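Read from first to last, the chains carry the letters A, B, C and D; within each, the first residue is number 1.
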Amino acid sequence: MSTASLLVSSRDRTGIVAALSDLIFRQNGNIIDADQHSEKVNGMFFMRLVWDLEHYALDAAGTENALRQLAANFDNQMQWRLWYAPPPPRLAVLCSKTPHCLYDLLLREQMGELEGEIALIVSNHQSLRVAAAHFNKPFFYVPITAATRAAAEAEQLRLLREWRIDTVVLARYMQILSPRFIAEFPAEIINIHHSFLPAFIGADPYRQAKERGVKIIGATAHYVTTELDQGAIIEQDVTRVTHRDSVEDLTRKGRDLERQVLSRALRAHLQHRVLVYQNRTMVFS
Amino acid sequence: MSTASLLVSSRDRTGIVAALSDLIFRQNGNIIDADQHSEKVNGMFFMRLVWDLEHYALDAAGTENALRQLAANFDNQMQWRLWYAPPPPRLAVLCSKTPHCLYDLLLREQMGELEGEIALIVSNHQSLRVAAAHFNKPFFYVPITAATRAAAEAEQLRLLREWRIDTVVLARYMQILSPRFIAEFPAEIINIHHSFLPAFIGADPYRQAKERGVKIIGATAHYVTTELDQGAIIEQDVTRVTHRDSVEDLTRKGRDLERQVLSRALRAHLQHRVLVYQNRTMVFS
Amino acid sequence: MSTASLLVSSRDRTGIVAALSDLIFRQNGNIIDADQHSEKVNGMFFMRLVWDLEHYALDAAGTENALRQLAANFDNQMQWRLWYAPPPPRLAVLCSKTPHCLYDLLLREQMGELEGEIALIVSNHQSLRVAAAHFNKPFFYVPITAATRAAAEAEQLRLLREWRIDTVVLARYMQILSPRFIAEFPAEIINIHHSFLPAFIGADPYRQAKERGVKIIGATAHYVTTELDQGAIIEQDVTRVTHRDSVEDLTRKGRDLERQVLSRALRAHLQHRVLVYQNRTMVFS
Amino acid sequence: MSTASLLVSSRDRTGIVAALSDLIFRQNGNIIDADQHSEKVNGMFFMRLVWDLEHYALDAAGTENALRQLAANFDNQMQWRLWYAPPPPRLAVLCSKTPHCLYDLLLREQMGELEGEIALIVSNHQSLRVAAAHFNKPFFYVPITAATRAAAEAEQLRLLREWRIDTVVLARYMQILSPRFIAEFPAEIINIHHSFLPAFIGADPYRQAKERGVKIIGATAHYVTTELDQGAIIEQDVTRVTHRDSVEDLTRKGRDLERQVLSRALRAHLQHRVLVYQNRTMVFS
């Protein structure tokens, strides 16, 4: 089934739901998903609409045009993003040496649950080349040292453009991206941080967790912004630990969290269910 | 804010969302919550709509009338339930001797989180009269024996009618209700069963759980139907147990589950967020 | 059954388990619980032993004496704490206006699951006097202002001494205790903080959580130390939230966490299952 | 570090803990883990002991002999199982076509977290041969039809013997084993069932779950016995689902549970932390 997805943010105004539904209906689109959220504290309105394109009369440009007219009727207070019969998003996975998240994503794609296509894998180490080969994926080795960082990033960006990448996944990629890199993929770079943010920002969060003596550890998938571990959170999960768990045990238990949290966040993102507003996400179900 | 809530089930047909939104919009209602669910396997469509009545032009009868016309336009395949500026639902709590669920509900009402009003408490024991008195609630003692069961139930029903009860909560009430009782409150009697249904139906589920050696126990809130523990499930939750936990420990841990699961189910029900279809619930968020 | 409980910390040395078990066995004590933990990273050994006193030959003083001799055999590297046929610990609950934690503790005591006795309730407000009265508990109103803080704390301490209090529970008590107060009850004051520590230290953690856009909120029970929210963590738990949850919703959902986390931590403490070492707890199961 | 592990079941008798600790201590063994559990309802005693063999004076046969003498002192009411400097257990993984559990186990072994060695993979389909090859594991294709079932099982058993297999893992292996097969590996065959047992025994549990309308689904790892899905449960876990989740969504979400529950159960088993008594497990931590 070919569908269109629409994410809308607006000052809350009477009639927006009706206007949007009517726009789609008059063009013979059958709405198959509608979910709305109003925030009383700031008077904002958010909506996700998905409709079947089979009998729908407008093309993408026509729909954008209709949305512009509709926005004008509401004083141009409305922002939106439209995915019209979108092809599967193309992903680049950036990784270092740790294999678990990369294998997890590759296997999920193979089992048909990824909602996107892993187009290429880029790493600053050679060790995961075999994993890429096993799943028949292009693998590019771009080594990074303090001296070559700028050139390496330029090469990464060149690859991402060449392969027409939509979304970048940092699958336990242990390098910090420059603001310039981040600016090329706004709200399209997803990182998995191995703590329950905002606890234990930065390096070695499992060691920090052990030292603080927490009884639960977590993992957090978030959009990458220029401030370390401060981007909008997409998904989190946790698991229990006890005093018996060493830092190595936390690391092992954490790997299970990382895989699941990253893949759930990515799935929501690739299904165009995530709307970012003021560094917070709405994840429509 | 005075609102109307609408729950709709229908054969899925192009234009229903638009027609419903348009109906509300044309009467100047501002939609503050819209959530929709389509089931591909059976071609059904479900929706919840909530709108602000402040500037809305129709009264309850007018809205019902408009909905009937709308349904006619869709071949009368649509069922709905409308709550128009509903007063807080009036609850009766039926209990026996165990206090934890009753106290929990009374305290939640006092803290303003219940979304309904506990109008009366009926018990086949005197022991919880003090709890009722502490929270200034009418308490009726209706003893039940095998010989007096029918008369006792008649007295209970008389009380529920006299106090104009909308919803009946079985707060660890250890008696089985007759089909006649149940028929008077369709989808309005909520029970808390102390297992993760459908595991451990019937008596003494914590003992059953201990004997089977499960590693997790649960609790289930469901609508009461004439088949024991077979009604539509509204909410469930679980907690971990180990071999160290005796049946008494399971019972203690389970009490925490029972309170929370019952209150969450009740809250969803009282907010008119639960739609029952073919003995399954949709719980809109 | 009358029992003794022993918590031991020591440099790890061959023969300690055998020496401790042998000490108890030779005096005809039947060990009913033995749990041990060794930390490789710091070479420490921790153990909990519980034994039946029915046929046990030594009294408390004799056991302390035997432990001192045993410790001498291991170069006095061993610390321990012994509870010999301990009476139920006597608790003071300090609270302000919020009722849910206080009711929860009182009801748990009534249902026989508290493992301690709530001896008195102290509050800086009058509003929970009715709850205390309902459960027949002494209630003392000790108002606190900036000007009277020192005198108020002196009065609180006088009450705690007069009522021979072992353990102080801060049941959403919104005041900070002075170092002097804390020093009188080392590792015997338990606070419930309404966040997943170390995230959201300090005031208004639910608002902080909403602003950061976390997908999970938590609660943490910890021993009170002079550094705010930095004491050893005894228990934590979490629950999911979504973008739909307002700060009020987080507060409501959090109350369920607070009750459970506080009561589980308190139960572990009162059963002498919590051993503190370097600001981290071992909670034996 | 070379260690010995001992699991003991016995009628509860004063002095057993001391006798066991003393046996190890007198031979210069340093106990590094001791965990005990007494069941009041049946008067049974269970214990796990792990000790360092570095300075320990007895060999395996000598230790068995000492345990026999000790048992005689306690009226021969004691059963035990000893692993003395055990080599990593050798595993066979039986699978069909579904890849996720097999990849998960292979990757965990590669990351060093398995606590055993996957010695061979046996399947009734060819499709997972590539996964085995990628991880350099022997793969045997043993097709099964109704007509060849007995011969196929004989071939499987021959392979398991030839490769000196200790433990058999059914990684979503969709065939039922004969009693004869099961009898060769008592408490050494672990299955992952894709439901929260005892709910939804047998075929297609996710469909059953959807039809019953549960709000939580689960997975269960258990020892295989001759009664379908009735063996002792080792580990379980659950995840939330909603009315929006189709059977396919439950299947997808369930795969994450299956991986984790199977691997956690297997880890506990391979670390000799699981004691079975009357079809229930004690899983020592």
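Everything below uses one rule, namely that a residue touches a chain if its C-beta (ideal position, glycine included) is under 8 Å from a C-beta of that chain, and two chains touch if they have at least 3 such contacts.
Just so you know, these numbers come straight off a predicted model, no measurement behind them.
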Chain separated most widely from chain A, comparing mean CA positions: C
Distance from the mean Cα position of chain D to that of chain B, given in whole angstrom: 41
Chain centre separation in whole Å, for chain B relative to chain A (CA means): 36
Chain D residues counted as touching two or more neighbouring chains: 242, 244, 285
Graph class of chain-chain contacts, one of line, ring, star, complete, other: complete
Complex contacts: residues of chain C adjacent to chain B: 99-100, 103, 107, 110-111, 113, 130, 134, 242, 244, 252, 255-256, 260, 285
Chain C contact footprint on chain D (complex, rising order): 12, 14-15, 17-19, 21-22, 24-26, 28-36, 38, 47, 55, 240, 285
Residues of chain B defined as touching chain D within the complex: 37, 40-41, 196-200, 211-216, 218, 232-238, 242-244, 246, 279-283
